[in-house]
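Right after this note come the structures.
Look for subunit A in each of the two complexes below; its partner is subunit B in the first and subunit C in the second.
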Partner chain A sequence: MSRTEAPQKISSLQELQQAASPGRDLWPGIEARLAPRRRSWNVPASIAAGVVLVTVGVLIGLQFRTGASLPGAQESGALIRASLIDDPAYQHQRQELLRTLPARLESLPPESRQRIRDGLLAIQTAKQNIEAELGRDAGNVLLQELFVSTCQEEIRVLTFVGYVDGFNQEI
Partner chain B sequence: MKRYLALIATALVATAAAAAGAADITTTAYSKQVPVGATDRVNINNVAGSLNITAWDRKEVDIQGELGPDVDRVEIKQGEGGVDIRVILKDDPWNNNSWKNVSWKRSEADLRIRVPAGVRLEASTVSASLTASGLRGKTRLKSVSGDVRSDVVAPDLEAKSVSGDVELTGSGAASRLRANSVSGDVTLNKVAGDVEAKSVSGDVEIQLQAAEDVEVASVSGDVAVAGGLANQGELEAESVSGRVRITAQAPGGYHYELKSFSGRIKSCLSGGQVEDSKNGRGGSVSGTLGQGSATLRVKSHSGNVELCDR
Partner chain C sequence: MEEEQLLVARAARGDQRAFERLYRAHVDRVYGLCLRMTRNTATAEDSTQQAFVQAWQALARFERRSGFGTWLHRIAVNVVLGQRRSGKTDLTVAAVDDADDAPFTFDTPVEVAEIEAAIDSLPEGARDVLILSGIYGYTHVEIAPMLGVAEGTCKAQLHRARRLLRERLNLEARRA
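And now, the complex of A and B:
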């Protein structure tokens, strides 16, 4: 028997479903749905990675200019995090890197693919943990800094996959 | 007891079989010399096996090695301003988009390459281990799953691996160093200058010698930094869930800021200046040793933070 439940009030990011770990390995399904796009990604992916890094860099600069001791730091912190999460350019480029990731991973030996997936999963878990804490303490500058640098690290790894795939580019 | 004897016998048989299999693989000796300018560009790509690059004082690239049966050839392209050296497999997995048919053992090329010390070098491998020494020009070393090892002579050196370890050993001379891995460990010994070391899940361990600008980070691996900062040096260390341990000295002392959201902050300073974080978990501690000329910042989410000066 099923019943319709009333919508729950969300009081922190931790309660959102995005903080939940996937119950199964989603990669095979993602890979299966995406057609192989070898080689053609390299230049766009590099440009995309550059744009994303600049975006994240600007946000970090903005963050350091605000500071914890300034009035309204909590609002600023929440705004900065929201800026990063919601920033269309950042999200678009990140999604583009994620979308092309399976095809790029395909060009690597299986063992290395798994290592990269494990690394990205570790980053995802770290981001979710920090985000959950930020849901309770949005103005915490330390958490904001860690969140932004973990996002940077994610981009570094996503870009890195392209870097090693560039192995086979004509010199 | 019989069970153990059976296991030992099985292991011996398997080892013997593996040895016999390896012995079946015949390799072909390879030797080639190519003229190149003293500061030219040299690019080297190998798939499996090993790649050992050393510097010498001749304007020539000397390639010696043994090629496995699945290696088609060593392709050498000489162009304006440099030379490109690339191992080509018979069944090229890059072109076939498949690694399933690759026999790593049969695809191995063990290359020993000597290059002029001042060349701009870029070396890449897939599973081959990569070692370099004596290089004085701009150097880029990268591997997918192989370990990367090099001494630090070049003023600008980058070493990267996805799942292999990265190990760089300096002599205390200032350089610009970038060492990255995704799941491998990153180890830097006796390094100075502008240093960046990052890993996602691997551990990062650094021995500094009067370093000026140090950035070290890991997501889940542990971070350990020991040694000296320059008088006005800066060190930033960060980990999300790994432990961070800093043992640092600086001629004019340093100002320190230690922050952890939920990890414990602990000190072993000789003067006992740092108080452990309140309530055992999380907090922020700052202070100054000596004149505070250098700066040290440590951040963690759930990893413990420890600061020592000896």
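And now, the complex of A and C:
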């Protein structure tokens, strides 16, 4: 059953439709004409990210060296963990990177975002496992080095997310 | 809106996928305006594509003082006018200061098709201002730079458009 619709009437121009759908998808034609654009802020942002990474890396390295210079490996292992976990400068840098992480992740495509989240989760799990092992064998130098390099790796990931072209492919 | 700002920021950094999402969100309003101004689907499609390409090229300069949609509209209007200029020139209208800024309403409801036909029959300059002001709600201050005319000219065009629309819709007779 078909019914003839009454012609639509309006009382103001503002009731007229503002939007209309094109008869075809215009995106492919647009996409073909989009020139790849260089990121104008890429170089300064990369430098800034690099500075953060070096600062935190040095910080972690110093903690490691301070710990390693102690006579007993047992003490040094405990000290490394305690100083890294409790050090305010390191924690501040890490917290700052974690705070800005969601916004930087937003700038990435969903699949890269997921890969980075998976990568960070794996690093955090590794840190927890190493910490647990260090709790049982605090004098194990290999575990100490592994712990420090895992912390550095975490900082490296946190620092460069969303800043460096092609970084996503590394993870 | 926050999501749109993030998309704009990503697109400004060269992310084409973010720009495609902006395109999907805004294409109907941009195409709608282009279609109203050009009255031709092929020309409107071409203008829409051109507007988005120009937006991509200018994204780094988008200052976010206006909304992204308004900014896109400005670019679209510019594209349509540019295409027109390459064909023919528009008539200049003497400025008036006492043009009516109130929304254009009808005492008796009028059929959409009838109004659309009446708007389509208006001279280009008057039609542009009527579309931007009456349908999209932009002010003369916003419309004047979009069309590249003085505010006074803009007001005069709207005055002219309203008069012609009333005549063509025979509104005086309907009221009586």
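What we mean here is this: the second predicted complex is superposed on the first by the 92 of 171 C-alpha atoms of A that agree within 3 Å, B and C clash if a C-alpha of one lies under 4 Å from a C-alpha of the other, contacts with A are read in each partner's own complex, and residues count from 1 in each chain.
In the analysis below, a residue touches a chain if its C-beta (ideal position, glycine included) is under 8 Å from a C-beta of that chain, and two chains touch if they have at least 3 such contacts.
Source: prediction; values computed, not measured.
Asks: State whether A:Asn129 touches subunit B only (first), subunit C only (second), both chains, or neither.
Replies: Only subunit B is touched by A:Asn129; subunit C is not.
Asks: Does subunit B (first) or subunit C (second) touch A:Arg115, or do both, or does neither?
Replies: In the superposition, A:Arg115 touches subunit B alone.
Asks: After lining up the shared chain so the two structures overlap, which partner does A:Leu98 touch, if you call subunit B first and subunit C second: first, second, both or neither?
Replies: The answer is neither, since A:Leu98 touches no partner chain.
Asks: According to the stated criteria, A:Val157 is in contact with first (subunit B), second (subunit C), both, or neither; which is it?
Replies: first
Asks: Does the superposition put A:Ala89 against subunit B (first), subunit C (second), both, or neither?
Replies: After superposition on chain A, A:Ala89 lies in contact with neither partner.
Asks: By the touch definition at the top of the document, which applies to A:Ser149: first (subunit B), second (subunit C), both, or neither?
Replies: first
Asks: Looking at the overlay, what does A:Glu106 touch: subunit B (first), subunit C (second), both, or neither?
Replies: Both partners, subunit B and subunit C.
Asks: Which residues form the common part of the subunit A surface touched by subunit B and by subunit C?
Replies: 36, 38, 106-107, 109
Asks: Which subunit B residues qualify as touching subunit A in the complex?
Replies: 43, 45, 77, 84, 86, 94, 97, 99, 102, 124, 126-127, 142, 144-145, 160, 162-163, 180, 182-183, 198, 200-201, 217, 219-220, 238, 240-241, 259-262, 284, 299-302
Asks: Write out the stretch or stretches of subunit C touching subunit A in their complex.
Replies: Of all residues in subunit C, those touching subunit A are 6, 9-10, 13-17, 19-20, 23-24, 27-29, 31-33, 35, 41, 44-45, 48-49, 52-53, 56-57, 60, 103-106, 109-113, 115-116, 130, 134-137.
Asks: Note which residues of subunit A are touching subunit C in the complex, please.
Replies: So the residues of subunit A in touch with subunit C come to 7-14, 16-24, 26-27, 29-31, 33-41, 103, 106-107, 109.
Asks: What residues of subunit A sit close enough to touch subunit B in their complex?
Replies: Touch list, subunit A to subunit B: 36, 38, 106-112, 115-116, 118-119, 122-123, 126, 129-130, 133, 140, 142-143, 145-146, 149-150, 153, 156-157, 160, 163-164, 167-168, 171.
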